[in-house]
Amino acid sequence: MPIVEARGLTKVFRRADKGSGLAGSVKHLFARRYQDKVAVDHVDLSIEAGEAVAYVGPNGAGKSTTVKLLSGILVPTSGEVRIDGLHPQRDRMTVAHRIGVLFGQRTQLWWDLPVSESLAVLRDIYGVDHATYRKRLARFDEVLELGEILPVMGRKLSLGQRMRADLAAALVHGPRVVYLDEPTIGLDLAVKDRVREFFRGLRDEGTTVMLTSHDLADIEGFCRRLVIIDEGRIIFDGDLEAVKDRFARERILHVETTRPVPLETLRSSLPGAEVTLEETPLRYAVRFDRFAMTAGQAVTVLATLTDLADFRVDEPSIEDVIRRVYSGDLVLDDTGVPR
Amino acid sequence: MTGYRALARATARAALTYRFNLLLSLGAVLVQLVALLAVWRVILAQAPVNGFTWPQMRAYLLVAFAAGTVVSILGDFRMAFRILDGDVALDLVKPIDYQKARLAEALGGLWIEVILIGVVVGVTLAVTGGMDTPAGPALALFAASMLLLVPLKFLIVYVSTLACFWTQNFMGVQWARLAVVNLLSGALIPLVYLPHWLATAAQWSPFAGLTSTPALIFLERVDLGEGLTLVAVQLGWVLVLWFGARLVWRAALRRLTVNGG
Amino acid sequence: MRTIRLYPRLLGAHFRSLLEYEADFLILAAATVLMQVVNIVFLSALFAKVPVINGWTFWSVVTMFGAVALAEGVGSLFFDGMWNLAWQINRGELDYYLVRPYPVVLQSSSAAIGINGLSNIVTGGLMIGAGLAHSAIDWTPWRVALGVLLLISSVVIKVSINLGTNAACFWLSSPSPMFAFAMHQVGDLARFPLSIYPIALKAVLGVVLPFAFISFFPIASLLETGTSRWVGLLTPVIAAYCAGLAAFIFRRGLRRYESAGN
């Protein structure tokens, strides 16, 4: 049985369409007009225990709204959610023990309490016994280095400190499912690395993780499954590596020669590749499919034609693929095949 | 001068933006008016007390309501928040006098307060019957007293708000001021009802000018001579507080520079 | 049970930071005491000339003022977070409350301590005590029990009205507790005997927003004063009704909660 399951999940926000100023407000009192915005549109999603799922999409695509629906914060307009077979509103208390949520943009720490006290309050809310709590805290401390920030007041934390403390706060009760919504936003590189390492630890312990992020570097090497949402609809749901194999298979070899070579000569000796002239003279770009030839073969062929002064190979990342999907260049279906 | 006029005009235009603030402070004064009208109507139904008949007490309470409503839009909250947030520093670099600027803002909001007073007084009179107005000279003196009430009330609010330079807790200061003003101005109950010593103290305090003085003149419970004395006391307090506030302001600024804002 | 035991823990967490601002606490406490002193001076000045208003003496009205102060005091000392509900809704702060295994309404109400409630409870208690001491009733055990029950019910009604009116923010989407505060001010009318008001106001204070059951009706029952003594015996029923209604409004509102940033 999947641990998280959504069927036909839909959320429509209704916004009062007020005109500007006092006149608009008065008019609104008499003739109410609303604008409906469909934030999440018939989303079906099912996550198995232990999966690490990347949930990505452009700004305003409905990522955070989905997370809020899946954690029971918002009540869906239609469709339903089950966490471990439970209804998130009807069985709120039980579900709460099983899920952990982190919103990178917002803290759950008490601003007027030191971090240690915030964590202790959460420990008591979740009814975690002291021995388990101490053990968990010690483990968090290994990667997140909590020690130095425990005595700091919530309002005095820097962004990086806050996020580390918030991660501990979201996981203090050892949840089985964790939603991480933009967990690295605004962090500097060193903290990001530490946080990512922490995520990998979580996954390796068997925690189910759903990660939303703008920074696709958070995803690579962490999530096996990729879900892309756009305008409230899931447009792709499949294996991250498969997407990479299919759409990140193109390589670009940049070469610089010591003397000019006619393009025609290059093209005829490298069939199947696309050769173009770059802006500066003596520089050429060779695009090829990594399954049709290797970069080494291409270089060897070119070396027989001319002396190579320099060369470099570019590999596209998953980031490029997803960016092309956002911009509509690339349409994926559920198996990762372009339509 | 043009700077202050611009500030007054800005508040006048923005008055509706602060309508919630205004309605809140109006609400408290209005509830008190309704409660006291109901209490006195029952008490005075049988016989006058301390020389007050029901129509007189009603007139007294309406004057108290008007006095309580004037200068409430000024937004002592706004000024307090600017001080607590440290934004006051921005006000200091402007080439205008801080105290005069705040007075100009208070004056700018008067129009909406006057309209509200008109509505409430009109409705009350329509529901409970008409009211006698005093003879010409007393009416003129009443008008003068109401005019003096505006700077007087402004100054009392202003000085108490400056307390924000010393304490983070504006609410407490505000509550204490409201309680003291309510009692000693005669807004809660005419001063003659108070124990003699307290009534005398209140009579000479700056607070009497906030309700008791104009109300007594309106009801002609004081003759012209006494009325003139009371108005002179009002004027005296306006002057004392105007210059006193400057001393407080100077002390506050010293504190601001010491604490670095 | 765990729910109740945890509440002081949540509330108490804020206590330490409160002590940082000792001077602020003293100012607030002094101000609330001053407000009650002004009330007493006003009442004694009023009753100096007229011994009885509609059957109510000075001491019975003092008892009523005391009951209001007590109820407001409990509301601010233990449930002050409710007044932040508008803010909590607007800022999406309920998000985290909703994923924790503790009632959302109690997380909201325990988010702040109104320390001025302490001085209100003390002065309110003193006023009730003094008022009762000057009354001529026989203190049978049954009457003591009735008094305790009525006062508890009165506090429950005040807190429920606070909750219900603050929960209106789920619909009003205002960033400040304007509506609840306006209703709170209307409640000040109920400090005086209800019988002095015109019928429309009686209906509002007795039925629509039952502020009269915080002070007038229960105190009338307890002191056997005024004309409608038996109505006060309904106070516990009204309290249960108000608490249920407030909880219902809050739950319905919570379903409408849309978080922030959409």
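Just so it is clear, A, B and C label the chains in written order, and each chain counts residues from 1 on its own.
By our rule, contacts are C-beta pairs under 8 Å (C-beta built on N, C-alpha and C of every residue); 3 or more make two chains touch, one makes a residue touch a chain.
Chain identities (UniProt): A = ATP-binding cassette domain-containing protein; B, C = ABC transporter permease.
Predicted model only: the values in this text are computed from it and were never measured.
Student: Among line, ring, star, complete and other, which best matches the way these chains touch?
Tutor: Line.
Student: Hey, which chain is the most central one here, using CA centres?
Tutor: When every chain is reduced to its C-alpha mean, the one closest to the whole-protein mean is C.
Student: Would you kindly tell me how far, in whole Å, the mean C-alpha position of chain C (ABC transporter permease) lies from that of chain B (ABC transporter permease)?
Tutor: Going by mean C-alpha positions, chain B (ABC transporter permease) sits 29 Å from chain C (ABC transporter permease).
Student: How many Å are there between the centre of chain A and the centre of chain C (ABC transporter permease), using C-alpha atoms for each centre?
Tutor: 48
Student: Can you work out the whole-Å distance between the CA centroids of chain A and chain B (ABC transporter permease)?
Tutor: Between these chains, centre-to-centre, one finds 59 Å.
Student: Find every residue in chain A that makes contact with two or more other chains and list them.
Tutor: none
Student: What residues on chain C (ABC transporter permease) touch chain B (ABC transporter permease), complex-wise?
Tutor: Spelled out, the residues of chain C (ABC transporter permease) in touch with chain B (ABC transporter permease) are 21, 23-24, 27-28, 30-32, 34-35, 37-38, 41-42, 45-46, 48-50, 53-54, 116, 176, 178, 181-182, 185-186, 188-189, 191-192, 196-198, 201.
Student: Once bound in the complex, which stretches of chain B (ABC transporter permease) touch chain C (ABC transporter permease)?
Tutor: 20, 23-24, 27-28, 31-32, 34-35, 38-39, 41-43, 49-50, 167-169, 171-176, 178-180, 182-183, 188-189, 193-195, 198
Student: With touch defined as at the start, can you tell me which chain A residues reach chain C (ABC transporter permease) in the complex?
Tutor: That would be residues 13, 37, 39, 64-65, 68, 71-75, 89, 92-94, 96-97, 99-101, 103, 105-106, 108, 110, 112-113, 117, 121-122, 124-127 of chain A.
Student: Along chain C (ABC transporter permease), where are the residues that touch chain A in the complex?
Tutor: 2, 6, 9-10, 13-14, 16-17, 92-96, 98-102, 255, 257-259, 261-262
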